[in-house]
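The following blocks contain the structures, represented as structure tokens.
One chain, chain A, appears in both complexes that follow, with chain B as partner in the first and chain C in the second.
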Partner chain A sequence: MTIDLPHGAAGWLAGGVYRRSPLAGSYYPAELDYVPMTRPAEYAQGALFEQVGATPPAPVLVSLSQRYRILAELVRGLRAGIPGLSCVLVRVYGPDFNIALPADLLAADVLLVHDPVEALPGVLAAGRRNVAVIQQDLRADGPERGANTLAVGLVQPDPDAALRFQAWVRACPLLQALEELRVEALGEGRPS
Partner chain B sequence: MNAVSIPQTQAEQDAAWADLETPCFLFDPRTVAEDLEGLRRELGTPVVVSVKANPVLDVLVRCNQDFGDGIEIASMGELNLTIGRMSVPRFINTPALDAGLIAAGLACKATLVVDNPHQLALVERALQTHAAQGKPVPGIVLRINAASLLGHGGAEADHFGMDVPTLRQEVARLSAAASVVKVIGLHVFAGSHSFARNAEALPDRLCELVAELRGQPAAQLELALIGAGLQGDWRARGIDFAAYRRRLRDLQGMVRVMHEAGRAVFARAGTFAVRVLALKELDGKPVVICDGGIAHCFALAQTEQFVKQWRAPRLVRTGAAPAGEDGPVRTYTVIGNSCNRADVIGRLASASVPAPGDILQFADCGAYHTYSPTTFLNLRPARRYIAS
Partner chain C sequence: MSIAATCPGGTFARVHRIATRRIERPLLGAAAGFRERLDWLTGEIGDQLADVLAQPVDDRPLNLVCSTTLSKMVSGWRGNAATLFDRIEARTGLRPAGLLEGYQCAGWGFAARYAATHTDHRWLTLSIVDADLHDLMAAGYEDVIGGIGFGVTTVSLELERGAAPPLCAGPAPNHGFTDLLHAVRACQKRSGPVPTFLPFLPAGTASIAKRMVGDSLAPNRHDCYGHTFGSDPWIGLAEWLQATPPEAGQQVLLGAFAYDGYYTLGSAQVGPDTRVDLRPALAGGGAAAGARP
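And now, the complex of A and B:
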């Protein structure tokens, strides 16, 4: 998973894929609910959501609440770890109607979007630096597409923020639980 | 609990339990996958998983990639549970199959298991409509009554499926009429806990029947689906699976043999837990009163046992209330909260004195936990948790 930055922007990205739950050992309440159907056409349409093919879908590893908790935990970690963090763009599929969003994801410095990369040019054009981006396609339910990847980027970082970002990545259990974790510079030339 | 806490030690796991609301079930999808894979290995065939044994959507979704051989659906409710969520083959199998469930099943490309001639007529009409609309017509599976297949001294009599003469007659009728219905498989289930009793005769009888029917145009048999009937603790039963696999070879030479299992897949993967509400002494015998019981986990009532052997729960201290000092081992009668004199769910032999707020865990309660009979007293249903 990578992030295509707008022209002239630079940053750092840490990302990888979960092969097992990053919360292994913890317990969560069952929360998935079914859709009441009765008519044949509803069953035919419902079946279209099933990912049938030669390659099985990535396994569901987290619940809907756990996915929010992971994102909220990352937002808290970024706030605590990155000096001068201006805002966090977070990819969510939303809305998961039965599940409340954590307060951390509803804060004024968080922008929940379907595609953070699309939102990024506008945010940078407003002159913001130290903009964090959380990209993810963690599967929490059968109909959802995704490969259980997670990436956190810091765009237009100040020099100290860039160093602190890399230190935070090394210390963040949720990121260290990723397989194939890569930390890489983004954009045109290494950020200062 | 912290979002990234990972309890590793027994003490950490016990601490995690203290956060759970009770009564509750905790299910572990990894154990489900492990036991399913073990069953496949021992039976030597694919295994279709019976949803009725654990209709918890969170568990099913987590196990989707492990259930690739298929799932067995027994109601419209179970079908609703899995539509859009599970990307595996479905077998719809219930003596209550009606026109609505037939239509729903065909719409989502499930394989229908037909119990009786009346159902077969309904299915035939539905498939004729299907064919008239230019849709591909799926094959069906016919269910044989196990006692009829095995004959005297075989399976205990039950009401499932068709007796062998009826099945022959229906296949002959379909063949003679050049029906749109093609029978692609036979299904038989000789009852819960019946595996060992029928491990020799059932493959042989099924083999004979498949060989006999294969000559008929309507019987394009490619599948034999056998209800396993294994106990939840099948690993501890000393079953000679190697002999069983040898017994299946002739049948496997003719058709793809699959087993269907529920209890054997889910039992070990679930723990039922209650909290201690109070202790009392009755004529010098200690009693522990809990916040859940047979109304939540009917299996603990042991109605399937001729002689009840009370389950022994594990005591988890939570420190919610001061506990008495340890002393000699005493045997506590553990009772549930349903105001029913039959609500005795276990015997706890412990030197530690249970205290209100402590948790009692009953292992191996992962199968058929929804088979609880009552809304008596409007008791709160058991919470359901999943292990990450």
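And now, the complex of A and C:
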């Protein structure tokens, strides 16, 4: 998973894929709901969500609230670890009903958006630095697509923030649980 | 609970235009497919946005799409979301900066807070979009939350730089409904009652809102629209502006709460120059109804 930055922007990205749940080891509710379907046309629409093909879909590894918990923990880690963090753009799509977002994800320094990259230009045009981006396609339900990838980026980092970001990645259990974890520079040349 | 903690200070924006169209189910008729419905929806979002953008402004707006119910086949499947944005951009020249669905019905408030806090945009357009692209949200959901409505609403806002953005909070118990009403009361204590626009609600719940807010609460249009998710307060404001156009600047209060306990409340300014476009409803068979609701 990578992030295409707007022209002229640079940053750092750490990302990989989960092959097993980073929260394994305890029982938890699946939290799966059902759509009250009764008509043939409704079942036909439901079938549109099925994933058929030569490659089986990635397994569902986390529940809906566990996905929120992972994202909230990453946001808290970024706040604590990155000096001068301006905001965190987090990939969340929906609708997910009956599972409340945690307060950390509703805070004013967070935007929950279907694609953080689409929102980046507006923030960067305002001259913001140390903008964090969380991309994820963690599957929490059968109708969802995704490959269980997770990536955290820091865009337009100040020099100290870039160093702190890399240190935070090394110390973050959720990121260290990723397989094929890569930390790489983004954009036009390495950030200063 | 202190007033300062629950009432946003000042007006966060001037409302320049509201366009809205109600969608009767099933969208384009029972035989329509997902792609056909998505195409129509994209066209309506683009048409409304193009009309709003025809109004000359002194800065390029930020557009954010807010939804409660849009299918995960749109918001979660990257190809479909990109197509939606590509088509809106092709129609209007303005690419949305994001689709906000996690905040459910309170999304427009969180969008305005984000625009005011993290961008330098002075103009914000909100496309509040709810449509049942699968014709799957019939009686089962209405048993839980009462009558459901769908529609597309576009709001053009001039953000008041330096003003407090809308109050956005949660998660709260009771869907955030009680906390929202307390926040409205706090604003009334601070600034006096002003016309207040809240979600359209079933009669029992609406009576609680009426008792809490009083005569400044705009009519509950649930019987006509159902609960049209994030659009409700803006539809209410549009109807109020059309019925009683203000002769001078007027402060109004707009609020929404989400099923999972988030809520937003913001004070905005309207005036004689606020334009309203209440479009004829799209009938369930696809033809635009001749009469407005």
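Keep this in mind: the second predicted complex is superposed on the first by the 191 of 192 C-alpha atoms of A that agree within 3 Å, B and C clash if a C-alpha of one lies under 4 Å from a C-alpha of the other, contacts with A are read in each partner's own complex, and residues count from 1 in each chain.
Basically, a contact is a pair of C-beta atoms (placed from the backbone, for glycine too) under 8 Å apart; a residue touches a chain by one contact, two chains touch by 3 or more.
Quick caveat: nothing in here was measured; it's all calculated off a predicted structure.
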Which superposed partner A:V35 touches (first chain B, second chain C, both, neither): both
Which of chain B and chain C A:S86 touches, first, second, both or neither: second
Contacts of A:V60 with chain B and chain C, given as first, second, both or neither: first
Which of chain B and chain C A:L112 touches, first, second, both or neither: second
Which superposed partner A:G8 touches (first chain B, second chain C, both, neither): neither
Which superposed partner A:P121 touches (first chain B, second chain C, both, neither): second
Intersection of the chain A residues that touch chain B with those that touch chain C: 35-37, 41-42, 46, 48-49, 143
Chain C-facing residues of chain A, complex: 35-37, 41-42, 45-46, 48-49, 86-87, 92-103, 105-106, 108, 111-116, 118-119, 121-123, 125-128, 143-145
Residue ranges of chain C in contact with chain A within the complex: 30, 34, 62, 67-70, 72-73, 75-78, 81, 85, 95-104, 110, 113-115, 117-121, 134-136, 139-141, 165, 168-171, 259-262
Residue numbers on chain B that touch chain A, as the complex places them: 1, 3-8, 12-13, 16-17, 19-20, 26-27, 56-59, 61-62, 64-65, 68, 76-77, 79-81, 83-87, 100, 103-109, 383-388
Contact set on chain A toward chain B in their complex: 21-38, 40-44, 46-52, 56-57, 59-63, 66, 69-70, 72-73, 141-143, 173-174
